[in-house]
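Both complexes below contain subunit A, partnered by subunit B and then by subunit C.
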Partner chain A sequence: MPTITFVDPHGIEHDVEGDVGQSLMTVAVNHDIPGIEGECGGEMACGTCHVYVADTAGCVPPPRTTDEAEMLEVLIDGVKPTSRLGCQIRVGPELDGLSVTVPSE
Partner chain B sequence: MTATKDLSRPAHVPTELVIDFDWFNFGTKFDDLQLEWERLREKAPGGIFWTPRNGGHWVPLGGEDVATVLSDYTRFSAIDIYIPANVNRTAQLIPIEMDPPEQLDFRKIIIPFLASKNLQPVEDRARALTISLIEGFLARGECEFVSEFAAILPVAVFLDLMGLPQDDREMLRGFGEQITRSSDPEQRLNSQKALEGYLLGWMEQRRQDPGDDLLSAIVTADVNGREITETEALMLAMNVLLGGLDTVVNMLGFFALFLARNPGHRKQLIENPELVKPAVEELMRRHSIVANGRRVIQDTEMSGAQLRAGDMILGSTVLYGTDASITSDPFTVDFERESSKHIAFGKGNHVCPGQHLARRELKVFLEEWMKRIPDFSLQSTDQLQIAVGHVAGLTSLELRWPS
Partner chain C sequence: MNEHHDVVIVGAGHAGVNLAAYLSKGGYQGSVALLSNETILPYKRPPLSKGFLLDAEPLESLPLRTAEYWAASPVDLQLGVEVLEVRPDEQTVVTASGRELTYGRLVWAAGGRARSLPLPGATLPGVHQVRTLDDVLALKQELPRASRAVFVGGGYIGLETAAAFRGLGLDVTVIEAAGRVLERVTSAEISEYFHRVHREAGVDIRLGATVKEFTERDGRVASVVLGDGEVPADVVVVGIGLVPNIDILAAAGASCSNGIEVDELCRTSLPAVSAIGDCTSQLNPYAPDRRMRLESVQNANEQAKVVASDLLGRPAASGEVPKFWSDQYHIKLKTAGLIAGHDQMVVRGDPGSGVFSVLYLSAGRLVAIDSVNNPVDFAKGSALIKQRAQIAPEVLADSAQPLQETGLPLTAPGARSRVG
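After this line comes the complex of A and B, so read on.
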């Protein structure tokens, strides 16, 4: 199973394994990563799965869809170029080693 | 609420799962509504039962099952959220009585106005009003909390969001009260029509002369590449109004009731204002007030019961917050819990878009009230009036304090 690193709002790193096909939000919620709630269950309706995705070790998830970009803009204060909704990124073998950061608020 | 054989039940419901339970009438003598739901768990140890009342519906009792009912729209559709099913409505409320994907097209329109990042000015104005209302009755040493405070704040906030004149507050509150509380269906319908008329008038004005308020955004919205229709716009505005009114009123009521009865918790909030934020979550966990229905849309199983497509099922959010397998010692209110897990704002695709606003209103209330009225109690113990239904609440709450 691919391993994903979540850097939580306290700066603590959590290396966790995700099933292929699961979203980053689901993986985080299953492992109780602080700062990720996934309140709407992945429907792009809440913004509580916001993460910053850096290009680590060449792991690049597919780009945002228009819907995701639009929802990020309305839901999140201070959207960065690396901002993503964790529920919209699916775990696949190509993401093994990906590191994402959970914003502090 | 006794097991019964003589009330009719559909063939797929086994007798042992039937309990005669009218969720609008828990029985007359109770003053802790949340404990009444707990009693049902004792009556139906299997975790789910069927009641023939109110058109007949399922009642799951485990917190996780309730969360599933509210969130799994592939099995439980929100096209019918009222139990008994609403026969008299003009049109479906938007977005609450919709399923994805079209639901999201409409949610998108209102979310920017309810997103936390845009709410500070709204909070500031809500705070100013909170202070002036409290100071208005402070010297009297008593108030009827619901009509003199709780019912006013969310109406003012709605008018603020929509950019409507605060002078309309009294009128709007009157419509709202009749729609939710009047037992006369004709009066309810008339108030509903009057409210719609009021909104339609302003909608027309905003179409001509749009501003940067939520109502303008609604009437000029683009829905997946086409213009929003007038009915859709009205139902969306109504949903924002109805979603943010009774809920905040009654949550405030339960907060005030709890604090009036618990001097220790009051003392904690006064000595340590940092606890206000966790207190909001903990009090909502213990007093989650919303219960909504869903229509089962495919045959499925829940806690061993066979549900059929077409059945109605009730999701009562308080059953999650008070589930002992989710929260230890769930009926104890503890502001210093590690986390207060609740679904007071729902779960899944319909999760309350107004939650950030609601949290701010509740926080402002605790902060400003406790500063001015740290010590208060109920006027009398025998007159609690609790109304049950989709939004549970107190119809009145007489408070007094040393003045």
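After this line comes the complex of A and C, so read on.
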């Protein structure tokens, strides 16, 4: 199983295993990662799965779709180039070792 | 000796599970027991009338948390445990097997059950309801040999299930006693839109129709008898609302009306007893001066958050705008705010295009939005509702302008802030 590192709003790192096909939001919710709620269940309607995804160890998730980019702008104050909705990123073998940061809000 | 927990949560639905998760995420130091009278891992209900019926969402995706989550969690999830009695003086709950558990705080999160029809034939095989996973598994088993389905009740869950059945190729009739579908929950504009979409999909909707009885053939339901006529049916789904599970707490002395009455911190009238989710009735800051019982995942989450903060000794989160969603065919409806007591309504965009919103105003302020296939309006509308924004109806109606940038000041004088 791919391992994903979530850096929570307190700066604490959580290394967790995700199932292939699960979204980063679902993985986070199943590991009580602080700051990630996934309130809308992955409908791109709440923004409570916002994470920053940097290019770590060559792990790059597929780019945002237009819908995701549009909803990020609407839902998140101060979107950064690395901002993503965790519910829109599916875990795959290529993401093993990915590190994402949960914004502090 | 009695089993004691600092927190006993009764009911492991969206409300109970989220509370347990907020407590463990928040580093709660006490012991937490989460009791469920269901025997399977706590699961999501919304897919039951949507993707799960259509096999778009598999059984494995239904649990709210994985088995590994519960194995690692400090929360003691106890499945197959039904609470029958609450003794507030002794801070004790009694289970069906006679076990007594004492609590520091009891959180009642028992949701509700499907309302049944007290009519002849209503308990025949082939007559179903849609509230639990078991309900829906039983319904799915009927599908291979059913070709005619009749729905009693045109609410969101009934219409979602009807849409799924149409998608699976069944003949579908919807019987609605009121003058329009969704009458209890939304405006005439949205009702008409869904009515039209269902009609175009081939659903036969009978408005103002009353069911007299269900007839039987070969030990199964065979038809639904109406005040004026009869509709043959291989399978019937009764979706006429929810009865909140309040009886046990009411018997213990808690103030109840349409639900268990709770204050802004979700405390009941009983000492050391809170209540959250579908079973509660609360004054809502988005519908001033009105007690409401909301049936939504978001309300269950919000109230769970409030009780978690209360138990963790942290300030309660400020009132989020109530939200709800419904998926039918290709339509994603999203609602923010409460459609109750508005005095003005604005349609934004063309319903004929399948992308539009209906905005609801009260004394010039935006109080609610129904958005159809328009997530951007929904998100912007939610934010404006939270600000109690005043926006001119002409501006709202102009879908060429984004909802936020109206050029008018988005002042919120006299906005009511949530207590706590």
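Methods note: the second predicted complex is superposed on the first by the 105 of 105 C-alpha atoms of A that agree within 3 Å, B and C clash if a C-alpha of one lies under 4 Å from a C-alpha of the other, contacts with A are read in each partner's own complex, and residues count from 1 in each chain.
Throughout what follows, a contact is a pair of C-beta atoms (placed from the backbone, for glycine too) under 8 Å apart; a residue touches a chain by one contact, two chains touch by 3 or more.
What you see is a predicted model; the values in this text were computed from it and never measured.
Engineer: Do subunit B and subunit C fit side by side on subunit A in the superposed arrangement, or is it a clash?
Structural biologist: Aligned on subunit A, subunit B and subunit C clash with each other.
Engineer: After the superposition on A, what does A:31 contact: first (subunit B), second (subunit C), both or neither?
Structural biologist: A:31 contacts subunit C only, not subunit B.
Engineer: Between subunit B (first) and subunit C (second), which, if any, makes contact with A:45: first, second, both or neither?
Structural biologist: In the superposition, A:45 contacts both subunit B and subunit C.
Engineer: Determine, under the contact definition given at the top, whether A:70 touches first (subunit B), second (subunit C), both, or neither.
Structural biologist: both
Engineer: Subunit B clashes with which stretch of subunit C: 56-64, 92-100 or 326-334?
Structural biologist: With the two structures superposed, the offending stretch of subunit C is 326-334.
Engineer: Give me the intersection of subunit A's contacts with subunit B and its contacts with subunit C, in residue numbers.
Structural biologist: Residues 39-41, 43-47, 67, 70-71, 74-75 of subunit A touch both subunit B and subunit C.
Engineer: So in the complex, the part of subunit A that touches subunit C is made up of which residues?
Structural biologist: Touch residues, subunit A against subunit C: 29-32, 34, 37, 39-41, 43-47, 67, 70-71, 74-75.
Engineer: Using the touch definition from the top, list the residues of subunit C that touch subunit A in their complex.
Structural biologist: Going through subunit C, the ones touching subunit A are 21, 24-25, 44, 46, 65-66, 68-69, 73, 297-298, 301, 323, 325, 332, 334, 375-376, 378-380.
Engineer: Along subunit B, where are the residues that touch subunit A in the complex?
Structural biologist: Contacts found on subunit B: 71, 100, 104, 107-108, 111-112, 115-117, 345, 347-351, 353.
Engineer: Any idea which subunit A residues touch subunit B in the complex?
Structural biologist: Spelled out, the residues of subunit A in touch with subunit B are 39-41, 43-47, 67, 70-71, 74-78.
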